[in-house]
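Next come two complexes, and both contain chain A; in the first it sits with chain B, in the second with chain C.
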Partner chain A sequence: MDVVVQFGPQHLALAEPERLKVYAEGEKVINVDITMGYNHRGVEKLAERKTYEQDILLVERICGICSMSHPLAFTQAVEDIAGVTLPERAEYSRMIIAELERIHSHLLWAGIAAEIIGIETLFMYTWRDREFVLDQLETITGNRNHYAWNTVGGCRKDITEKQIPGLLTALEVVERRTEHYIDSFLRNRTIRARLVGTGTLPRDDARRLCTVGPLARASGYAVDVRKDDPHLAYDRVDFEKIVLDEEDNMARAKVRLLEVFESVKIIRQAVAALKGLKGKEIAVPVKEIPPGEGVGRYEAPRGEVFHYVRSNGTFYPERVKIRAPTYANVQAVPVMLEGDTLGDVPITLASIDPCFCCTDR
Partner chain B sequence: MSLNPLISIFIIPGLLFTSVMTFLYAGMYRKVRARMQNRRGPPFLQPFYDFVKLLSKDSVRPEKAGALFTWAPIIALASILVVPMLFPVWGLSFAGDVIVVIYVLNMSSIMLAVGGFSSASPFGAVGGSREVTQLFAYELPLAISIVAVAVRAGSFSLTGIAEAQEVHGMLFYQLPFACIAFLSIVPAKIGLQPFDIPEAEQEILGGPLVEYSGYRLAIFTLSNQVKVFTVISLVVILFFWQNWWMFLITGGLLWLLFIFIKVISARVKTEQSFVFFWKYMAVLAVIDLVRVVI
Partner chain C sequence: MLRTHLRENVLEVTPTRRNRVFIKVQNGSHRQAVKLFQDMGGHLSVISSVDLGEELELVYHFEITPLQVSLKTSAPRGNPRIETISDFYPSAAWYEREAMEMMGIIVVNHPDPRHLFLPDDYTEYPLRRY
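Let's turn to the complex of A and B:
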């Protein structure tokens, strides 16, 4: 029996509209067609009509989760054109917010993945713990998402002494809870039955399809912009690149949860470094953007975010090009699904942590 | 202990008693699960409110739906409601044959599959075929363990099995393996994790129920909730019977156990459940059958 099962444009397991056309023979998946573009908002074109300062707020709204990574990559591209060197305090505080975002994104992913394989309990628990991080983001930046933290040449606000103890306590709680989840849930037999050996993406394919982020790292293809092309203060902090070579859905879950610990490690070092930079400036004034081209890359929770900006010397950028991590990763989904069953489709698609509104821009 | 058959059919353990217990179990499910998941949960009577609300809603029938689309939920509910009437609590003792019970229980599962197939939706069709596959998976250990119980008790009627346990003690002590096999089937039969494969919401949008709405959905949901009470009561009658009030308590405790298992497990896949039932649970049931026969 040949069936074509449509996943989407509206589907329970997917929060965002996009269409997966799954050709199945009984329960076995033969082929997958992916159609995207339901979420296109014309951000790139819109960016050409706004000033650089306004564009930062615009690109921040490309994604609700990576709302630090996009402006970070964008300002980096603009600073690249202007030839600005960031003050050290700005580097560290940007890093703190970005890593907090990574923690909450990974916990969010763990919850969604758990819900998709039918275990709601883990979903409830990880989302409860994610609130600790969101609370900290709110205390520090003023917003739970869309932090409005960046400006060309530095940060808009500063992390004060008062906010540090609360931040460290929240990190401790999150670290302890995540340890508990890794310990209990990743050994759960029913979860292992669903995740181990499904959605396999061999290392060669991961490389050939130019995958990025945790998806690539779980397939043994070690790419991480934070290590490969360090910016901010990533070359001054000590953390590890989590690379596993099990290639399946379980490996992706492990990579993400283990990265939470690395992020906690980074934030602790950054907080310590901030103490030594007390009273230093958080932004350098940028008078004008000269004509030229600039590139910004940042390792968002889902993979590499890439921004290209061309300036013609006015207040408005001439061209902005954005590539979101899902755009690179979604190409790998048909390969991952080949030979799996229909029941594996949602979890395998979710295992790349798709963000279709990022991708469609 | 049989009174007027009309009382058996309409009051206890028939319609009235079953409805009360059904909504009690359903409310317990919502509330206990919520507390285990760090939530407050809905009011205890929420399943009942939902049922009444659904009855007042429009019921949409897909244009290409088959003739059985309307009848599947009704037959499912009617057949599942027969089972509690046969319980040895003032039940129709003359008719309480355990083979009849198996057939009638399967009828509701088959109707779920039929409803899925006739709803003219690929998700319904996939859900229906999963339901049938699931039925094949757990039917073998189910039948074997029931036969083991019947041989041990020397009777095929539910009343006879219950009476034998009142004299010789619970069959659980004598047939532990068959009991474990039967217990493992319960989540598959009532559609809970780890075996809620046919209704997987995130994969096939609720499977057979995807096109149902209004009173048809209300009846289907109710029949599934009655099935929960029925199947768990059956476990108690077959393996844990002491007397009628212990029957209620043991049933409640078993339901708590199944809610707990649901809360801590993910949904497995069709072939995994097949392997589990045929390779392990069927073997367990056979061990006890062989012990009993020898």
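Let's turn to the complex of A and C:
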């Protein structure tokens, strides 16, 4: 055990504070110790002191990027307790916003990865194109993130006919540009040298460590809540679960970029379905939440978001437990880094698309 | 199936909507159940801790496709000792660390009982309600 290198709490590769204590022998990483909690805000405790309606807005603020996924999982858990069945229009419009969020999150990740590798041009291009998606989110929901779209029993707002053409045009642009990015990631020599064969997570380890999301799917462990536990209208639209078995950082980049196309596909089908549901209701009234417990799961861009809500029959939940995808995935980082060089630490850590804000809550 | 394995140790089975099942077992026999879930290819989502007043409860959320099984076990508040499952699921170690610091549950045989989110010198249990 020769060298101990501290990454963080403040580090260029990470937008959020987190500390990695990397034990290395020369350049080779032997072990990693992760310290968390720099962002702990006590959201779970706070959620017990607020009503369900307020909690939706609270959990939305856990993360700036998964700001659709957390309320979606939370409302699903509460709807499970209340025994509410969503109106179809609400299911489709929730799905549209959630998939738009996935596209912008994956493009954001591609930009960050490019920046860590050192190709700032690609970073700026991906983030420019991400703006198309954010503009659409702003037009539809009123906000670039923190959409306030969900309520228990449906949606707070509706997607109007006027917003559809702009949305479809933005999808076309994003689709065309993503093809270009896949090309860049696959053909650029610098990117290939940094991504291929680094940060390997074997399939068995992905399974043993119960990883989720693109990290698991890039290692051949096919978990996707949208397919495994169908909710909203995911069983009524046609899309593929992207699973690769190359296990390295490059596979994770590919999974994310290919998922952008699947999301575009889903949104197009959902928009078509919305046309057939014109004028239908977007929410059902929920009078009370009976005592009970519920589990809400949603496949966020980074992996499965898990909410467990226990109700005691009052306006306030008894217990809210939140598990963000990074919480499950970050435990695989020591396995991924073992044997790699110190220079690979930032990009490998970034390859799980970490969100420590979510993890610490 | 769990009933045949654990017999009188299963205290309560509550199926809720769709594919959600909540199972309560006696403290101690949860390890047998977890072993069974592991053999069935279960995926551990998270471990929640709940303060019931007299007792402290751990809820292990498993995904055994197509079911979502939540296994519960509880220990008295005065002596909240529950044995670890991190030898079956390595990722359980972190969830148990969180339950230890936040709810004050004593996880027996834990491989690394340090604080995870809270500072090392923090001695209270913030998520206890009663």
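Convention: the second predicted complex is superposed on the first by the 359 of 361 C-alpha atoms of A that agree within 3 Å, B and C clash if a C-alpha of one lies under 4 Å from a C-alpha of the other, contacts with A are read in each partner's own complex, and residues count from 1 in each chain.
Here is the rule we go by: a contact is a pair of C-beta atoms (placed from the backbone, for glycine too) under 8 Å apart; a residue touches a chain by one contact, two chains touch by 3 or more.
Since the structure is predicted, the reported quantities are computational estimates derived from the model, not experimental observations.
Following the overlay on chain A, a side-by-side fit with no clash is recorded for the pair chain B and chain C. Between the C-alpha centres of chain B and chain C, as seen from that of chain A in the superposed arrangement, lies an angle of 120 degrees, given as a multiple of 10. When the shared chain is aligned, chain C comes close enough to touch A:294, but chain B does not.
By the touch criterion defined above, A:176 lies against neither chain B nor chain C after alignment on the C-alpha atoms of chain A.
In the superposition on chain A, contact of A:3 is made with chain B only, not with chain C. Contacts of A:44 after superposition on the shared chain: chain C is touched, whereas chain B is not. In the superposition on chain A, A:121 makes contact with chain B only, not with chain C. By the document's definition of touching, of the two partners only chain B reaches A:11; chain C does not.
Between chain B and chain C the least C-alpha distance in the superposed model amounts to 25 Å. Judged by the document's definition of touching, no chain A residue lies at the interface with chain B and also at the interface with chain C. Per the touch definition, chain C reaches chain A in the complex via residues 16-20, 22, 43-46, 48-51, 59, 61, 63, 65-66, 68, 70, 89-91, 94, 102, 115-119, 126-127, 129. Within the complex formed with chain A, the chain B residues making contact are 36-39, 122-123, 125-126, 129-130, 193-194, 196-197, 200-205, 263-272.
Those residues of chain A that touch chain C in the complex are listed here as 36-37, 40, 42, 44-45, 48, 80, 83, 208-210, 223, 228-229, 292-295, 297, 304, 306, 308, 310, 318-319, 321, 323, 327-328, 331, 360. On the side of chain A, the complex with chain B involves touching residues 3-6, 11-13, 26-27, 114-121, 124-125, 128, 188-191, 193-194, 341-346.
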